[in-house]
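Two complexes follow with chain A in common, the first pairing it with chain B and the second with chain C.
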Partner chain A sequence: MTLIDLGESTVQERLRGEGLILKTGPFAARIRTRIPVVAAALMQVYQDFPVLDASAFADFECHLRRPLTFRRWHRPQVLFLADGRSVFKPLPLHQAFPVLEWGMNWCVANQVHDRLVFHAAAVERNGKALILPAPPESGKSTLCAALVASGWRLITDESVLFDLRLDEVTGPVRPVSLKNASIDVINDFAGNVMLSDVCRDTLKGTVAHMRPPSSSVDRADEPATPAWVVFPEYRAGAATLLKPLAAGSAFMQIVKSAFNYPALGRRAFHRTADLIDQADAYTFVYSRLEEAIETFDALAAGR
Partner chain B sequence: MHSPLDGNQALRLALARPESMTERTPAEWTVLVAAARETSLLGTLWNLATLAGVAERLPEPVGRHLYGGFLKADRNAEAIQWELQTLQSGMLQRLDPPVVLKGGAYLLAGLPNASGRICNDVDLLFPRADLERAESLLFFEGWGTTHHDPYDQRYYREWMHELPPLEHWRRGTTLDVHHNILPETFAVRTDPVRLLASACDLPAPWRYRVLRPAHLALHAIVHLFSETEWDRALRDLYDIKVLLEHFGGRGGDSFWRDLVDEASSLGVTWLAAYALDCCEQSLHAGVPLEVREALLGSRITTLKRRAARPLFLHGLNTRASATPKRDSVARALLFLRGHWLKMPPRLLARHLFYKAFLAPKEDVTNSRTDPAGGGVR
Partner chain C sequence: MTVYLVNQECDFRPMDDAMLIFHGGSGETYQLAGVPACLVAELLRTPEASTLESLVIRLSDPESQPPVVLVEEALEQLRKAGVVSVRHP
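Presenting the complex of A and B:
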């Protein structure tokens, strides 16, 4: 059963009642909220995602509600609660949907310890994964959205999961988060993408989420072999440049993106080393998306 | 068919009877995992499931959460041992070996609750006379004080049972330096000399001591049952249960007799009575009836105990609860109770007045993440 099969009114009902269990790749999140806009937003970008029934196991307990103070009514705010505890500062109510997205990201970043979790995007072609770890503002999500619009399978835009035993990466396939100028860039680059309504004045500026292609959602459980680790950097007007990166530097850089590196200690160290051993590492500077896509298509084709 | 358990019931049952974990439905696991996550008990559950031989029979995603919790605890144990090793091979060698308390003690003494347990800081107990010396020796190794407000410094140094928590300037580890197990201003005053005098040496290579079994269990008890924050209380109660059963199983009557006698000598019989009652009610701890009766003694009437019981039991609940309203009332009352016991009324009034009106304002939302920061994009 997917969200679209269920229909918006049933989705709304579940959100208000026992919770909607949304399956995103290896994780299921139970979402509860009485804030009306959330159902519509979920329908926009999660329509092809499976919904589990109430008797299923959910990894994360997510609850979105107004505060119990006067900010419930006066310039109302929204809180995200994981396991019943608020994890972010309250934000304006109109940002409820982005807050839910950030909240679910928070759950993956903070509540998963049986595999390495990297703050990175990943896409796949022919069973091989291209991993894009990057600090904010590096154009990671824009690049990821463009690759997905050009036929790469979306593994994740946010959290790459590297198994502690098997040499494979997976990810919770979820909508790609686009910010500010990226929203128009992706709209211009690919006419066929579906974006959520934009949400203005958030802490990250204007944000919108891109619906992942249904083919990526259908293959959400399919692992891929890590083949390339690329650190992208968007630089206005720069020429496209893909440059090999020494393994040691790649290791030091990707460690900065590992959410649970300190929690897993030596296991994290060895597995990160394994990952860097298996994959070829590069730095990548770009300003034109078309050229970026050509570069990665060539990389995948072994040219 | 049974009616579905809420997260608390399921978690308590899993702690009391680990093999029951195979009976949980997926929906019960959702709330059980949430409850265990909230109380940092995921790793403990993995350890219990492994010992009971049911770990492989857990549903796959559930096993992953428990195992992940165990990996995190495993790394935590390694880090705590490293920190203790570093401390004992430095300046502290100039003092007599301190007593390692709580999580560090369980770990170094190899007690059964240590496996899978997360321990957030290192706690050491020194004789009062060594306290200043310990603080200045530690300063040379990078341990500095954390509370810079003069009021807070006075609060700890005059009224509490420990120095203001120390923090390592590079590693950020917290070190609590204690000279007693209850605040100086607490409703009863425990005698630290009694604790220090009978502490036992740990085997080499450790240069620390641990409290003797009855004192170790009593410390866990007074720590929880004098507490103002009951957020992870179930984990602490589980520690008490394991310590009692472990030492009771090994030392038998002599342990139980020592527990009753020492509770009385330290003046904490009443706290122990509540604790053992809760262990029995909540986690089905195997405490002999005569021990519980001996502790009840004169100070606590059956009526008082019955009245207090729901307060503690609701306070122990996690947020994965079927009774959230009663739980929050209980937590609020336990908060008041904790303060009431911590200080005599006049001092308490003064302290609360200061904290409410005079203390520099802390940003209460600071503990929560800004979704735009911390890489949570």
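Presenting the complex of A and C:
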């Protein structure tokens, strides 16, 4: 059963009642809210995602609600609660859907310790994973969205999960988060993508979410072998340049993106080293998406 | 032989260009490159080195790698960082 099978009114009903359990790759999140816009936004970008029975186990308990302060009468806000605990300060109510997305990201970053979790995007071709770790504003999500629109399978836009025993990566397949200029860039690059309604004036500027292709959602549980670790950097006007990166430097850079490296300690150290031993590492500077896609297509083809 | 950094046993992973060190006590990770990395690699594969000083003497062999003149510098860098001591079973 998927979200679109349920239909918006049933989704709304579940959100208001015992919760909607949404399966995103290896995780299930129970979402509860009485804020009406959330159901419509979920229908826009999660329509192909499986929905579990209300009695199923949920890894994350996510609740969006309006805080009970006087402010609710003149400047309404929204709170995100994970396991009943507020994890962000209240934000304007019109940001309810982005807040849900950030909240689910928070759950993966803070509650998952049975795998190594990197703040990175990952896409797959022929069973091989291209991992894109990068700080905000590096163009990671824009590049990820363009790769997905060009036929790469989306593994994740946000959290790469590296198994602690097997040399495999997976991810919670979720909508790709686009910000500011990248929204128009992706609309122009790939006219066939479905974006959520744009949400303005957030802490990250204007944001919209891209619906993952149904083929990526269907293969959400399929692991891939790490083959390339690429640190992208968008630089206006720059020539496309993919440059090999020494293993030691690649290790030190990707460690900065590991959410649970301190929690996993020695295991994280060795598994990160295993990952870097296994994959080829590069830095990548780009300004033109078409050239970027050609570069990665050639890399995947072994050219 | 076990190499300790600030009195904590460490894990090591040699990479093609560097030696990565995980310091269990603080959870910090260090990347050593160049001669300090060679020195740590030498420490790890030299069970007979009884002290850092004797290691330096052994490495002072003109045919040794890394080059002798830099071994003292490398050692000094590690000492300044307060990171290297060696203990033997």
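Just so it is clear, the second predicted complex is superposed on the first by the 303 of 303 C-alpha atoms of A that agree within 3 Å, B and C clash if a C-alpha of one lies under 4 Å from a C-alpha of the other, contacts with A are read in each partner's own complex, and residues count from 1 in each chain.
FYI, a contact is a pair of C-beta atoms (placed from the backbone, for glycine too) under 8 Å apart; a residue touches a chain by one contact, two chains touch by 3 or more.
This is a predicted model, so every value here is computed, not measured.
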- [ ] May I ask you to name which of chain B and chain C touches more residues of chain A?
- [x] B
TODO: Return first, second, both or neither, reflecting whether A:G127 touches chain B, chain C, both chains, or no partner chain.
DONE: neither
Task: Touching partner for A:A273 - first (chain B), second (chain C), both, neither - done: second
Open item on the list: Looking at A:V255, would you say it contacts chain B, chain C, both, or neither? Reply first, second, both or neither.
Closed with: second
TODO: Have a look at where A:G265 lands relative to chain B and chain C in the superposition and call it first, second, both or neither.
DONE: both
- [ ] Check whether A:G7 is in contact with chain B, with chain C, with both or with neither, and answer first, second, both or neither.
- [x] neither
- [ ] Name the contact category of A:G17: first (chain B only), second (chain C only), both, or neither.
- [x] neither
- [ ] Mind working out whether A:A247 is in touch with chain B, chain C, both or neither, as first, second, both or neither?
- [x] second
Task: Contacts of A:G84 with chain B and chain C, given as first, second, both or neither - done: first
TODO: Pick out the shared contact residues on chain A: the ones touching chain B in one complex and chain C in the other.
DONE: 262, 265-266
TODO: Could you please specify the touching residues of chain B with respect to chain A in the complex?
DONE: 25-27, 29-31, 33-35, 37-38, 59, 61-62, 64-65, 67-69, 71-72, 74-76, 78-79, 318-320, 324, 365, 368-372, 375-377
Task: Sites on chain A touched by chain C in the complex - done: 246-249, 251-252, 255, 261-262, 265-266, 269-270, 273, 276-277
Open item on the list: Taking the touch rule as given, give the residues of chain A at its contact with chain B in the complex, in rising order.
Closed with: 26, 28, 30, 54-59, 61, 80, 83-91, 99, 102-103, 105-106, 109, 111-115, 119, 135-136, 141, 158, 164, 177, 202-204, 257, 259-260, 262-267
Open item on the list: Show me the residue ranges of chain C that touch chain A in the complex, using the header's touch definition.
Closed with: 11, 13, 15-20, 22, 24, 27, 29, 31, 33
